[in-house]
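Order of writing sets the labels: A, B, C, D and E. Residues in every chain begin at 1.
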Amino acid sequence: MAENKKHKPKILILATISGGYAGADSVGQLHTDYPTNTYILPVLCPCIFPEEFYLRCFEQGIDAILVMYSGTDSPYKGGPERTAVMINQTYPLMKERGIDTRRLRLAAICTVCTKPFLKEVTQMDTLLKGIGFVRDEMTIPEAVQ
Amino acid sequence: MMEKLLNTLKIDALVVGGGIAGMQSALDLADQGYQVAMVEKEASIGGKMIALSKVFPTLDCCSCITTPKMSAVAHHENIHLFTYCEVQSVEENTNGFKTTVLQKPRYLDADACTGCRMCEYVCPIDLRNPFDLNMGATRAVRVPFSTAVPQIAVLDMENCILCGKCEKACPVGCIDFSQQPKLFTLQTDTIILATGFETTKRDAKKEYGAGELHNVIDGLMMERLLAPTGPYGRIIRPGDGKEPDSIAYVQCAGSRDKTLGVEYCSRVCCMYAIKQAMLISGSLPLADITIYYMDIRAFGKGYEQFFQNARAMGVEFVRGKVAKITQDDHQNPVVRFESTDNGSKVSERTHDLVVLSTGMLPSYDTKPVYRIPAGDDGFVYVPEPNSAPCVTDREGIFVTGAAAGPMDIVDSIVMAGAAAMESAAYMSEKQDQAEIHEQAEESEMEVAHV
Amino acid sequence: MSESTNPKKKEEKDEEVRIGVYTCYCGGNISDAVDCEHVKKVMTDLPNVVVSRTDMSMCSDAGQALIEKDIKEKGINRVIVGACAPSLHEQTFRGTVARAGLNPYLYHHVGLREQDSWVSHGDYRGATCKALNLMTAGVAKTRLLAPLEPIRLEAEKHALVIGGGVAGLRTALDTARRGIQVTLIEKSPFLGGRMAQLGKVFPTDEDACATLDKLIQKVASHPKVTIFTQAEVTGVSGYVGDYQIKILQQSRGINNDIAEAVLDADMPKVPDAFNYGLTERKVIYKAYPGCYPPTPAVDWAHYNGEPIIVNGQPTIFYNKPKNFDLKVGAIVVATGFKPYEPRAGEYGYKELPEVVTLPQLIRYLELDKTTRTLTWAGRAVNDIALIHCVGSRDTEGVHEPQADGQVNNYCSRVCCTATLHMANELRERFPDTNIYDFYEDIRTYGRGHETYYQKALEGMVRFLRYRGIERPEVVAAPEGDTHPVLVRAKDSLSQGEEMEVAADLVVLAVGMMPTQVDELVQMLKISRGVDRFLAEVHPKLRPVETAVNGVILAGTAQGPMTIQESVAAASAAAVKVAVLLGQGEVQLDPFVAYVDPEKCDGNGACIEVCKYEDAIKMETVTINGKDVKRAVVTPANCAGCGGCVSACPNRAIDIQGWTLDQYDAMVDAIALDLWDLMEVPA
Amino acid sequence: MATRVDPTLLKEMKKYGAVGVEKCFNCGNCTAICPLTSDEYAFPRNMIRMVQIGNTEKLTQSLDPWLCYYCGDCSATCPKGAEPGETMMAARRWLTAKYDISGHGARLYTSSKATWKAIVGYALIPLILLVIFHVSRTLGLHNYGDIVTDRVDINAFAPTMWVWAIVLIDFTLLGGRLLRNVINMFQLTMGTKSGKETIPLSVYIAELKTLLTHAFTQKRWLDCGEDRSRWIKHLFLVTGYGTMLVLIVGLLWWFQTDEIYPIYHPQRWLGYYAAIVLLYTSGEALIGRIQKKGEALKFSHHSDWLFPAFLFVGTLTGILLHAFRYAGWAWPTYIIYTIHAMILIAMLDTEVGIGKWTHMLYRPLAVYFQAVKVRAEEYNKKTAAALAAAN
Amino acid sequence: MNKKVEARARAEKMKQLRKEHKVTVKRTQGLLKEQKRIHRDICLTIRDTPKTIPEIAEVMEMPSHEVLWHITALKKYDVVAEEGMCGEYVLYTRAEEEA
């Protein structure tokens, strides 16, 4: 894999401990390879994140965000719905800033959803290979660097 | 030291054996608030499991499962650990069991030793390391292995020349060549036997070279070769240090074989062979691996998929019992077998290394000390396996893990929980009865007063 | 109930943050794919990091001792370990840190194994760089950790056991023996589950019902056990130590005074599921003669409401379902298995009358235990063919899926021994029959199981070995043949020659499938494995516990097991209940919302989005002599979802241990381009 | 078409002395441990499998049982105690019976009662003939052979030429039966009955030397892993038996004399040599069987006792006959002569063509046939290659 | 003075102990002598050029499995180190720092 020499677009995965994070662990247990430009952070429920959070991520140079929540399996009442609301509210704000909305995706991943997990990751990776870094397309309101 | 403490403590349960089953039973009892004494004959707990590399079917590192449990046992406030001790006799009395335990001499002050290994470094005697199945080296005074619990050295007087170098090197001056064996007693309500298993001796079968072929090793030796802390730090064969290109597994090399007197299935060999095959193909991607088998017994949760994965990865499975192993001029083992699956041809194949999937044998006869008989297979007899899988035919004494027959780690751990349950429930009920008895006595006294 | 712990936070923030970073080799599991030494080196240079170390296995006693030593000697006050998944060893290291006198929540765990080294083979540099980012992010969070206190809750010393089969019964008995109140609920009107349907069972050849009866008697007579039959869970809420359960129980419909008479009455009949449809039973019935409870029950699903003449009296039976609530500290799921039902045409099942499943044959033989001649479909049976692995060890894309579209690729564990046990029983009872056994691998793995194989061989059972992808086929014999069915397979032991067995009876050794409990699974929020059985946290570390605290598995709900294994698993489940509830108190992670009263302006946005009753309230407090409204959290009622966090315009509310600031810091670290640091020989 | 599993063969084979064959779980250990197996010969597991499956046709066509010399390695190392060696032995018995068209052999193998009946029946033949001979003489129907009592005159009691004639007749009959059975064996095993491709005669001729060497030396046996003593003893037995057979069947007129020749006379020392060898080898075989010495003698089917027992008793009575004659005891000589004759006739009639005796023909033939098959395959390959090249 | 007495007492004690364990001490001493010789020879053999196990075994005329064991022991206690591979065999050399 010689192409690894350079910095690649980064995918941040926000995965619920009861769903996506455990699903990622299952993928690991199967020893299935996927790209290394993926960074998984555990969350209790992604409904914690306001729109600004996602926007800030892109501003900081995160090129894509996969939110892997537990969907209907969520242990939190109203959590999944609220997550969806927050993300839907983020899309127009992304557009305003010229960010391709495909960079933010919400997916329901269960503890053994190894195939969907891999599908999401590879799809996003392929997308990024096409559209490149977020910084290159962003219109940054304030002068940042 | 400990004994004084014990005199003031009421110990509820004695767990004999500090392998994975014993540890789990002890933890499950201690977590319920019972005081547990654990007696282990080796210098460290951890049993057979701590010597393994990675475990099926998850392939996570074995020490990641064992060492935390060892650590938990050592640190649990309700568990009292006695290593390098052997149970001498068990007497039944009104309070339960009085067990006499022999503390074998470590020839050093265990309370003072810090496990710094200075003694080991200065000791001039290189010995074959039993922890590495005699493939690696150790010294006459040593900490048994890197993750040993407790981290205390032990001196092997059988192989000591009493040069005194260790005594001088020890920063805390804890070496004591004149230490003597000591006896102490434990009074407990119940006993859990978790005495584990042994494996078939490598020289048991003369057709397989009777242990004379250096490149024919057994499953536990392969575990050590695969372990990151193994004797060579890499996979090379013990005969001449060659990195093997072609490795064969001979299944049922100690089980399901009347000529060895073992007709039962050892339950774990299929899976450990497959697991090792997968690990080898990880470290030596170009190596050819062949497994000679009769029936692949991948019965547990996730095992069948594991087997199919190995097959998909290119591990070759040949159905046929290897009849004979000889050696060519370059120390390469040659196996002779009939492939019963494919046209029934008799073939001889040369491999670089042959691993005998040796089986599980009973390691301890409970008859003399515990008066508990063995079943036909030599493992501890369990009268009602379907109703009470841990209950022996002596009340108050329970059995768990591989002492009750060949068992893999998952099943041992589950059974360890069951043994803890049985003994805890036995103690609760005994106490309830005692209370009822007491109440009855009290009420009788009241009657007498009236 | 503890108070929210945020006041403490402020003070300790002033203290200098000294972080210890530990990168685990995991016995090669991580170090094979990630340059741990490099990670260690890079970590050393991060702000606040005082020590950075590696170890072959951090979780070992020596590794833990290392951390303890650093805490004590180097004054480390935050610890981060990069190792396996947090679900495996986060608790272990919290314990380590606590032993050294540090608050356990000043610990952070980064999963480098399942999410990096195990998924990045062949990309050593990429994996190492990923580890650098993840660890840097971890350090960034660690820097912001605050000490927390677990929430202590009184635990209800009461357990709910769902399922009245052997595992449920055993768990109930053992839990009760440890002095814990147990409620056992069973969906059907009678206890005993699948075991009651068996005859003699291996490895002892004891009578299953006799063994079961003894157990049932013990459970039923135990003062701490309450049994509800015909009952189902309809709602679950709460958490470990304090679950509120809603139960719906159907009426039994029969009074004891007519219990005897009603069985003799004339009434409609339905296929008897207990006998797998081989016979019929009345709509008011007893599952089997010695069943418990002994009172007959009305099969409400089939009873049409018409009067039935009992003792000369036309009687109508009414179902008045009862709803009631229970408060329990822990829940044991022992919902068991159901035998695999072959699809029509699979090995001739349901198309040829001579094809039966093993459970059916067991029932058939139990119906008449004395007969010395075996007849089936009106013919004397001379030749019996047994086929293994029906509904087990199937391969996706190779074998046709079953009726529900699923493929069971797992081994059902018990069928081999059960089949051979049956072969021996047939041999004993009907010595003149010829028995043929089609198998791929004989898996008599358990103690005493191989003896059944030996006995079957000695009893001249003919074994034919097919290869996995070439399963036997069962066809009707051509007219004029001596036998009604033919079973054909390529016998790998005869050089793959096609063999044919002429049989009067074909027995399918069907595998095990989990009982359908979708609703329960959803209510309990537990998960299933790829095999659709209920999943444990880890097969070795926590083999009977689910990911949901306080929900425990027992028996075949978790995967195929023999009776012996179910009983052991049930006892192991009971021990977990005893550990959990025995002390009368459970501890919960303090990951709940807290409010910064200085930032809160009392706008109430948080309360609006919160779905938990009494989790956040608006209270009037006096600040600087002014009465103002401020949000206040009741930790025990807060689930920690964080919905309120995203709703608050002032960032005044956050989740302890998972704050937005921490996430921001982690994101910053992940966004860092660390490739420059990779200019080292890979 | 699929082969139908026939459950009866296994049961039948048990009557032929197969023990434990049902216990076999087909691991292949026996085949792989066997020093004689190779790509061409894979036994005993294949044999066991045929028995388990009931593949009568294949088993009948198989030469493999004859290629085994029962060293016992397979039985000693069998993980299941399935006694593969004894299955091979049983298969030889079964095949011997199969080759015998009369079905007589099958009856004797499967029933010890029938065997006893046959022995007594055959033994009565010489007795009855002698009785008829002497009764008819006393009735004056002929005037051969007065019984001389003052000295030993066997030729008067049983005139050599008459006896020889009867022996020759019996032997011709038996020989006919044997020949018929051999032809049957040939047809069964060489596929001439199943209409397979016929093997050119030249191949048969080319391999004739195999037949001859194996018939006389049993050379293949030496490839067995065991020590050579069994082979040597067997070789001696063969020479002793051969000598005696030639003396009695071929040269009775020379052998049964009333004149006692000097010790250096070949009639004397040939007889002694044969007697000593036969007595020793048959005696040892019997003792071995009684003691169940070694794998090969662990099990004894009733047919296994017969041949060594006949040899032993036959030799013993022969020696007694010689001794009595030497001592000049007339009546004892005549009586023992009668018994001797009874035993030998019973032996010949129950063994030749149908009993274990027959292996001395079947075994070398089987080795020969097998060699022919291998050569024919090579030959066919060559011709096919040549044809392909020509095209 | 006091030290001297102590040392003498200790020497006396060791002497007594050696007498007690006469058999094992003697056997082990023999073993140690042999082991020292072999270790010296191995070190000599690989002093100039790194060698593989079969090469060392050939020079020392010793069975290769025994050579491997001694090398393993020497490696564990840092007398010998690995230095690359020669085909399928590991090359061993003297460790840089002598023990």
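The criterion applied here is as follows: a residue touches a chain if its C-beta (ideal position, glycine included) is under 8 Å from a C-beta of that chain, and two chains touch if they have at least 3 such contacts.
This structure is a prediction, so every number in the text was calculated from the model and none was measured.
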Legend entry - Given chain A and chain D, the chains that contact each of them: B, C
Inset, instruction - Report the chain whose mean Cα position is at the greatest distance from that of chain C. - result: D
Inset, instruction - If you tally C-beta pairs in contact for every chain pair, which pair wins? Let me know. - result: B-C
Legend entry - Chain whose average C-alpha position is farthest from chain E's own: D
Inset, instruction - Find the geometric centre of each of chain B and chain C from their Cα atoms only, then give the gap between the two centres in Å, rounded to an integer. - result: 28
Legend entry - Distance from the mean Cα position of chain E to that of chain A, given in whole angstrom: 58
Legend entry - Whole-Å gap separating chain D and chain E, where each centre is the average of the chain's CA atoms: 67
Inset, instruction - Mark out which residues of chain D touch at least two other chains, giving numbers and ranges. - result: 25-26, 80
Legend entry - Of all residues in chain C, the ones touching two or more other chains: 113, 442, 454, 493, 529-530
Legend entry - Interface hub residues of chain A, defined as touching at least two other chains: 29, 31
Legend entry - In contact (per the touch rule at the top): chain pairs: A-B, A-C, B-C, B-D, B-E, C-D
Inset, instruction - Over in the complex, which chain C residues touch chain B? Could you list them? - result: 25-29, 31-32, 56-57, 59-65, 83-84, 88-89, 92, 95, 99, 113, 174, 177-179, 201, 203-204, 206, 211, 214-215, 393, 395, 409-411, 413, 441-451, 454, 467, 492-493, 495-496, 529-531, 533, 538-541, 543-544, 558-560, 563-565, 567-576, 578-579, 582-583
Inset, instruction - Can you check the complex and tell me which residues of chain D touch chain B? - result: 25-34, 37-39, 42, 45-46, 76-81
Inset, instruction - Quick one: which bits of chain D touch chain C in the complex? Just the residue numbers, please. - result: 1-5, 7, 10-11, 22-26, 49-50, 52-53, 55, 80
Legend entry - Footprint of chain C on chain B - complex, ascending: 28, 31-33, 53-55, 57-58, 60-65, 67-68, 70-72, 74-75, 146-147, 149, 151, 227-229, 256, 263-265, 267, 282, 295-305, 308, 319, 340-344, 375, 377, 379, 384-390, 404-406, 409-411, 413-418, 420-422, 424-425, 428-429
Inset, instruction - Please name which positions on chain A make contact with chain C in the complex. - result: 1, 4-7, 10, 12, 17-18, 22, 24-25, 27-29, 31-45, 47-50, 53, 56-57, 60-62, 72-79, 82, 86, 110-112, 114
